[in-house]
């Protein structure tokens, strides 16, 4: 079979599966964080079973060994079928997997990878309150000691913006083992069990009512040296593997979901009797065009990745265009909905275009701030794609 | 009489004059640069005669000695009556006047001030091709020599963006007499006769067809030392007096003119049958509000000046808001006019809201670029009003 | 006569800038103590008889601290009573209201029907802090009416809103028989009363917006000066400075229009409606920038950014949305410029 | 088969980036020599039989250099002939046109009436470089027609436009009797032909816009790197860098849609109309930023900035304005998403 035929066969297969199995009531079943987590666990387990949960893993794992082109087909279909996004298992199957796969010891791999498929979830302990976009400025301190004859790190500090850490079993943790030299040096990468004494987690109340993120407080947390990935002080390089683990599929998936969700805007226009309002039709038309373009750039980005043609900055463009369109989409909803949208409605945890327009609107800021703010992306585009000069390092007040 | 009653009396007086005397055919009479200049000369002469041309001059000049509040009344009425703006004589009556009045010798004052009222026009030789917003970086070089027993400066260099220099009799010229020390030092201020051998002027063809500005080329131009204002190397301080000469009246006048010109947008909406297009009505409404706000801020700025309450940055805000509104105004015109606006129509020299929408649109950039670009204004607002840190001087690639 | 800056100073002292959204009931008491319900009450009625500028100054300050006390609907309710030609016990009501009893004007449309027997059923929207109200000033098809909240057939139902600084209620009428003695106008007089109250509402909301926007800008500048990234304060990054400058430009320009309209007793109804449209637009712009420039912290409930944004979003809808107002301003300008 | 990058390379070689708006007649000759009129001509008709992507690539490159040669209307005219079911001497015309004779499709509305005797009077708008044309492909009420420019009752009247890279003409018909042998369709067939030509026109114009925007961005980046202010290159100022980054983001995203539509033979008519709307919007945005970021020099005729802006502004109006297209896209999406 040709590649194309293979892909189309896969597409039919996924479609058939989804037609039979896809959850339809998941939004109503995700009105609380706990219900959302349960919905996520169930759907992840079903996808693992069906072989669609970890297409990017090696082929020794059931459902693994898929090409990026095949992964794209699977995600496209999941998006078009409007299934729940795999948010809870996202860090486990992408970030934890990539870190383990590329940098961990065989013992670590053997210990953790199968458990991910059984539903163990991970969180990421990278960001810190003072660091923000400047990740390398992290301060969470680990001191190496011998306790009960065992070499351990004793960790103190605080992490923030850790996705669903309140439900996580394990954590990908960046700590500072030295403050000598450039700030990237002296960073060490640990795998931390969230049940270790001294770990406490506090969910972050987001302005739209979601609790997607949490803070992690580390108070004399003892982590065996065996839980380190890579060498001491070389954690920055390992973190790059973690961060590079997923770039492309999510934005493609989200863009297709936004295109699907344009029907919500159409419903709103009709509900509010604006079908004859030419200004509204123009604004809607412009939004349709913009969302189409975002789908196209997300597609193109993935296609380039598949062909090995990705350049620095490409991902920044996709992310920026997506967040711009999401903003326009949700703002139009808030505007057209009028006063109705100012009354609080039940939110859907973990979804971006729910038709609860104020929630969606506020949530859209997560995309222009988190994971490298729009401002940082613009710097990357200007300096690394367009080769404009960087700001000098010595430029300090 | 109270102040208010005085002002209202002046207002009636100006109105009566304008009803009887104001030119009505001036736009059609300003389709070429030469006709425009003639219209300007005629109108200036009439206003000098009536006593409304130089209200800000001292009272020993006929029509002078007016308070800023009185000046505001006169300009308001000129704007509302849609008279030609006094563009050609602007540099003479404001910049040249202020410089002579505040910094020149008695001999210089006696020589030049009366001639301004007789119609002699001045231009400003400040900007240079390489300098732009960084005025102090000017390079035009003056060497002091003795020629025929007379002490003179021999000037070589180039000036740009000199308003109507091609019609000017005299020039306010900044030259560099020394390159020692900070760049503001070593600048000297001269009064140059435009008929001096070695002076040549080349009008700048603007993208909308106007020729409001010119370049001045200086090739071994000999200027007697007596033509210097202030001390050698102290020209920067004199230039500040020139630049401070008019801030406020013009933007108030222009804002009122834009408000008057909203009727052009209304006509356009009707001509193109968009009266029922709710989106267009909203866009027009938003423009009306914005123009009203610009009139209010221009008024407030002048009122604060009258009360001595002006703060650094106030002028930047007015200028930025005006140019923003002018852009919105002319863009809406271009958009509503459709293909009609892409056909070239005769321009009106020296006017900003003529209903030749493409010309007006392109001209609107003169307001966001010239006289301190929008970007420079934003720096001033951030650094000097909001007290955000300045960029370090040592920050060089 | 009380000077404007005295009012402003007193307000800033009573409601300091570092205490956002102070507790509602205590604020309301303080508001009454400050005599702010007397500000617009004519001297003949025992008030201070101050003009729009004075109430605008107070609403501006209350916007700045995101006040939870419903001074705007209370003042509008009072003005309806002041302007009423028909209210039986007008003087009595004026005394009660200026002493702090709360009879707000509703700030969203009423959708009510009058039955053949004269009873009224339906919903009157946008009653702010309805739980505090002794009566609601409602625009009924038969005219403006004071509707006691404890009357038969009258119910207040809370409609929770995103803006945590406000509680919004529907006044639900079920066969409510309006008390003729409590009518503020008849059906014909309602239009005239509406023409008085509409501009007052728009001016007050515009002041609330621009006061809030001013505070949002100040907090943003402060945050950028304090927060460091890449070893320097965010305030040093020119791209952020330019965005902050744009916030300043838009706020200052809209504020100039606010005071210009507040001082002009001749300002036309739609000129003030246009001001409200502009001010809400600026407030939304400023709060969006505030969130973005605060980064992650701005997305958390513990930080104050979202309070400004949610208030801005609700203000956009009260007494006419941006779309609605701009459309009317545009249509009227078009008609006027013929 | 010719690869896309071969076409692009050849175009860039023939029309180098540093020569903007090369002289029209020489460019047109070169265009014919390059065989670009053969690109979309089916192999059966002696052409290369390439698809939309190929012509899009060429139009993109011509947009990049602000080409004055009217390749877009020429290609559209040729496609009308290709698609014609009724043209008598179709093969002959195809040969002439692919060899470089110029019979453009008009790109603005026709406003013509048909008299009882079948003669036609009125104006056919938007004939680009009409002085070069041997005939014009015009949409008449009776169907698409090839109208020879030297026929009786036919006159070309120049309508000078702001865009100096183009000359626009009205085709004025005064009792012109259409030659039945030159009809490209009847009245019924006109809709089908329109559905073929519309998307082709929109795709070509979108390519022209995004090619132009790409060049405008490159020139802006170059200028900012070269121009110094306050002792450093403008390119070091972060506020300007962020604006340039936004130009890049918008161009790249719109370009992704361009190629996606160009490669998709199933793309719906309004999907391509939406692309044209987006591309023109981006082009205007980019050229406005280009002017502002160039400062004073951008306001002078001697600099190239204005050429881009004026072309962007004209493109906005050709084959449907931004307002018109967005409204139709919105209306259709609304209907489809019921």
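Lettered A, B, C and D in written order, each chain numbered from 1.
By definition in this document, a contact is a pair of C-beta atoms (placed from the backbone, for glycine too) under 8 Å apart; a residue touches a chain by one contact, two chains touch by 3 or more.
Labels paired with UniProt names: A, B, C, D = Acyl-CoA dehydrogenase family protein.
Just so it is clear, the structure is predicted and the values come from calculations on it, not from any experiment.
K.L.:
Going by the average position of its CA atoms, which chain sits the greatest distance from subunit D?
P.N.:
C
K.L.:
Report which of A-C and A-D is connected by more C-beta pairs in contact.
P.N.:
Pair with the higher count of C-beta contacts: A-D.
K.L.:
Starting from the mean Cα coordinates of subunit C and subunit D, work out the distance between those two points in Å.
P.N.:
52
K.L.:
Counting only Cα atoms for the centres, state how far subunit A is from subunit B in Å.
P.N.:
So the centre of subunit A lies 54 Å away from the centre of subunit B.
K.L.:
Express in whole angstrom the distance between the two chain centres, defined as the mean CA positions of subunit A and subunit D.
P.N.:
That gives a centre separation of 41 Å.
K.L.:
Out of subunit C, which residues touch more than one other chain, so two or more?
P.N.:
233, 236-239, 241-242, 323
K.L.:
Which residue numbers or ranges of subunit A touch two or more of the other chains?
P.N.:
278, 280, 282-283, 375, 378, 389, 391, 395-397
K.L.:
Spell out the part of subunit D that touches subunit B in their complex, as residue ranges.
P.N.:
108, 125-126, 159-163, 168, 227-233, 236-237, 239-240, 291-292, 295-296, 298-302, 305-306, 309-310, 313-314, 317, 321-323
K.L.:
Considering the complex alone, what residue numbers of subunit A touch subunit B?
P.N.:
These residues of subunit A touch subunit B: 277-280, 282-283, 389, 391-392, 395-397.
K.L.:
Flag every residue of subunit D that touches subunit A in the complex, lowest number first.
P.N.:
Of all residues in subunit D, those touching subunit A are 221, 224-225, 233, 235-236, 238, 241-242, 244-246, 248-250, 252-254, 256-257, 259-261, 271, 274-275, 277-278, 281, 323, 325-331, 333-334, 337-338.
K.L.:
Using the touch rule from the top, collect the residues of subunit A that touch subunit D in their complex.
P.N.:
Residues 262-263, 266-267, 269-270, 275, 278, 280-286, 288-290, 292-294, 296-297, 299-300, 317, 320-321, 324, 375, 377-379, 381-383, 385-389, 391 of subunit A touch subunit D in their complex.
K.L.:
Which residues, counting only subunit D, touch subunit C once they are in their complex?
P.N.:
Where subunit D meets subunit C, its residues are 237-239, 241-242.
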